[in-house]
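In this document, chain identifiers A, B, C and D correspond to the written order of the chains, with residue numbering beginning at 1 in each.
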């Protein structure tokens, strides 16, 4: 019997034009939690898909419990006891939780699906995970965290010996993450081997014994978590040293720029009031689903609030659509780059100029030369890694896509207030630092910045003032000095506390 | 507890609201024309619209995987016309054989479409638009500018008259329709293949990752659609005792409308056999009732169109209302 | 600002003659020439004059192609245009027969079309949850239904005084007026799609309507305008159709929507939105017209012509897909 | 490179499908009947022969001498039109000419305009057309006339300005009279009856129905007949079936349905026969489609019905075309000509102010003669 449950050697995977994996190796011990780290585009996701049989490697060998295996498709991997929980929940929103859990390994008798038994077993799995919803509800009606839980239940239900978690905590808040850690530990104790991909160092320290680092499609090394420092690890991942992750500059705060009063929208948020001054970075945090994004989208005219007033530089303004917000200098960088931030099939240049295209005209015709030069300038300003401005946005990594979104905001020369919704979500360490850098520079130039984030370190590291939301209300406001992780969490969980009190 | 959730299920579902629409429609019509709800009349409605109802099932599957098929009535005409000519020139005599040939022809037509769409990655609307012209053209070529009339069809047309399959009570055509619905209900709800159809429509990428052969499912769905169109071709030939190359032209839109009225999403993943049935019934009742209640012949299309638009918009508005009440219930 | 790495990004568009020729539009152009040679070979009477003379009937459909292409570019569809043409033609004829001046007749036809288009646009904007396919399926039945009612028993109306419409059907040399109007429309619509903000918005909405909305593009307005313009041109198409038929009936404009969509798709415009060029659609339209004229002149069975068009439509989408798939596998090997 | 290949493939496929198309139609026509085979070959060879004859040679100076005569039917896929075409074809062959038979792609005036335009390009000598719309073809046919083509209509007329003469299957009043008499006879002189027509805009049917109404009003003999409804089945079997069933339900005392349309009558006959209804049927129908339903006893729904001979109609259309081309007639009332072996016909003034040639009286199909006729058409 081999020392490893899973071992891969010399794996090379080529996509048209790119080598996504170049001679990488990997070993997984039985019953361990093994972290897999690396920047976006380092090849982690491709690697996972090779293990699960979605992609077929051009070269290399894979051993399962010492035996050489050759997966022809996802089914083979499933049958061999490998299950994966992917980065973007790969669920079926229109189907029930039970169906999602048992998809493609339904319980059948005489070719007929046994719904009763499946529902019962699904309930058992959910109970194991302390889930608070029924297996008969539709997947689409659940929160991201709940969906993640269903994905894990799905992995457990296949009685997998190896479970792969691809950035499971990216969309989770601290408390939800904690719950996930406990589940992972429980699984490990039951003898399941786990591969854990994450950008968050706290995940790794909390769970993993060993960590493997990939960079630029290549294998860099495998290290004991306790034997490696944070800085060393970052250096391995990025290939250079990053001195200061949060370059918060000292800024003299100016006049109040934006103030919203009594913002309410049925079912989403109620009585929200906040203000931001020139040069100030404020954080808006809370659990996912607390209504943070919804407030900002209403402010930017994406949705219409039921009530509320907006004051810009002391004067009341009325916003009926996203165009109005932009005209007033309020710019939103949406959370979901791929769905609402960029047009992936378009070139970078056109993406950048999209919001101001009507201003780049001469006698009504688009001045393409001016357009190209303008977008080139701004793309270079944010240091996008691209060859030409005609490269498709889909060809960039997450971090570079985010930079394009930033350029798309900066190009609006009347910009006063910039709202960034989870600007570093799914962005690797290297690019993260660059984005913080840009934020700092913007603040210095006197823009007001509102950052929505679930990541405690960046909230604490970058913000002058922090608003915490819970269940559609602002439950707390903290200055940079007052703010600690504990106090933020306390405000963010106000509702749960209230409920607990009520129960007693 | 159980009972309450059942009640909730009924009030919350789109099918239930359709049942109400259907009941209201029937009630209004029978006030004007009391004979409407007679057993004979109901059976006639079912028999005359069997073709639409059966094809709605195939369309349901096609829409469930996020596709569309506007070539179905061309397939129907090709299959129906072909067996019509076979009877005419006495190539075949047996009724069963006619059905088998029509079904097989339909399935092959559907298979070709399925391959072009799933393997050739052509958008469904474009592919089926092309095949709409092709199959219809072939039907004309097969027909040679002739019809297969009652005389030519021999005993085949008696199938639609007889109640032999329905134990002497229900017409054969209706029996086949019911049979199709039962089979599809079981397949979609209780078999792996049925659930795969929903999975592919709900999230194609996820389906691929979880090891479902998406290409095969899509191909199969269009083949089934073709199969049903073929059977419908045979049924239509039998029911009207005549096969013509321009048979059921542009009825594919009725089939799509039936599905959409029945709450089947055109984006895939959502829809039920019951919904398709109710949608088809609503359309059938309207078609049957307009002449009965004495609406002027030239206004009938307008009324039909307005009702379709109204039902669809009503669907949206109820959905919005439901969403809004759900939001209001949320605790702040 | 940042930019510390000093990395530069090229902003020079790469253009080459080969690229232009090998684009879908280039292939279509070759095909267009090929088909003309082909038709010349099979039909002894296939010549410039005859093609131009037979063309007006098809040109009335090409009108609809341009705005239809816009709507397809946004990933939407309109299958009610044929009915809109029918209703506009009916109204124009009835107004004309009521003895009103020709100017008002024209206005009535155009206004009817525009209103129909606006109704579609309104429904599409107000009920974004509904696929436009199903909305326009409904209005398709309703518009033609209203025309049926207006036409009354007999279902047909013919002009009492066709002088005005005879004028429209006039010619400059061998060129019918209609030809120039279509060419002008083609130029205008192509330029708008390629060079103006409205065109850019169309592509943005078709590629990702949510990003477009978030980026401040007035999606609803663009959508509504496209439907209204389609309605307006359906009115124009109806007027020219009247000039060829001196009347209207319940089958006027039947199948126009499918023809227009087929031309657009053949021209490389994807019904999924965001992809394709107007130039391609225009070349494709004329290619199809020439082919139909040529095949018609050898008295080919009309149904066989339809089969050929169907095959052509599917092949035009299928072959690039297959060849790129083959290309990929070859590269892998 | 790749796309270049693609382009070649595309053209090749197109050419191949084209050839396949031609091949198909030829192949299948051979299976049908000998007459059609020659017809198809003639059609396809005619233009080629012209091409060989040199470019400046106009088709009308064809060596065969008979000229080129075109028939445009209402639509493809309808046996009535096919029989009409068959007759036309035979007659043209008899006089040594070339026949072009064109079925438009759909039963609309729009589609017919396309066909007419193409025929003008081909410089045919005459166009004989069964119109889908009386007025809509005017512009196209005027253009044809201006190009020197002789235009006549057959079966379903075009307006006076568009034609030289109309070849009518039977006078409108004659048909109306026949149908009214049949209804009178079958009802026994009194009772409710209904009409099941094609579409509400079908010109022929509307004229006949109008004529029937007039006849009933003008003669007190028919006072006992009550026309309860004119229903439209749109010439679709399904709609016609629905409408017939609605008639039966709405009028329990109904005695007779009169369906002056070949699709409608077949659908109605089937409904009545299937339900064993006491309601009887008459109208205009094709013997081959209706043979199952014609009979005097209760088991059959239609005692007798009428139609004219579509083959003869086609032949007369061809002879008329030839006479117009040869200059034997100009289309003015009072002129006479010999239509081959069909005998002599005279041009008379038609109801719409133009002129027409009338084939003859409608022919009654009874249980006695149906067996004989059902194999003919």
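Note that a contact is a pair of C-beta atoms (placed from the backbone, for glycine too) under 8 Å apart; a residue touches a chain by one contact, two chains touch by 3 or more.
In this text, all values refer to a predicted model and were calculated from it rather than measured experimentally.
> Which chains lie in contact with each of subunit A and subunit C?
Touching subunit A as well as subunit C, we find B.
> Among the chains in this structure, which pair is joined by the largest number of C-beta pairs in contact?
Counting C-beta pairs in contact per chain pair, the top pair is C-D.
> Which chain's centre, taken as the mean of its Cα atoms, is farthest from the centre of subunit B?
Chain A.
> Nearest whole angstrom, what separates the Cα centre of subunit B from the Cα centre of subunit D?
34
> Measuring centre to centre with CA averages, how many angstrom lie between subunit A and subunit D?
Taking the average C-alpha coordinate of subunit A and of subunit D, the gap between them is 71 Å.
> Using mean CA coordinates as chain centres, what's the gap between subunit B and subunit C in Å?
30
> By the touch rule stated above, which residues of subunit C touch at least two different other chains?
148, 151, 153, 155, 301, 303-304, 306-307, 311
> Which subunit B residues reach two or more other chains?
Residues 140-141, 298 of subunit B each touch two or more of the other chains.
> Name the touching chain pairs, would you?
Touch list across chains, by label: A-B, A-C, B-C, B-D, C-D.
> Which residues, counting only subunit B, touch subunit A once they are in their complex?
Residues 186, 189-192, 195-196, 198-199, 201-203, 205-212, 265, 269-270, 324, 326-328, 330-332 of subunit B touch subunit A in their complex.
> For the complex, which residues does subunit A have touching subunit B?
52-54, 73-75, 78, 84, 86, 90-95, 99, 103-104, 106, 108, 111-113, 115, 266-270, 471-473
> Quick check on the complex: what are the subunit C residues that touch subunit D?
22-23, 26-27, 30-31, 34-35, 38, 43-46, 50, 53-54, 57-58, 148, 151, 153-156, 158-159, 169, 241, 243-255, 292-293, 295-308, 311-312, 315-316, 319-320, 323-324, 327
> Spell out the part of subunit B that touches subunit C in their complex, as residue ranges.
Residues of subunit B touching subunit C: 68, 116, 120-123, 125-127, 129-134, 136-138, 140-141, 253, 256-257, 260, 266-267, 298-306, 308-309, 312-313, 316, 319.
> Which of the residues in subunit D end up touching subunit B in this complex?
24-25, 28-29, 31-32, 75-79, 81-82, 85, 103, 200, 231-232, 237-238, 241-243, 245-246, 249-250, 266-267, 269-270, 274, 286, 288-293, 374
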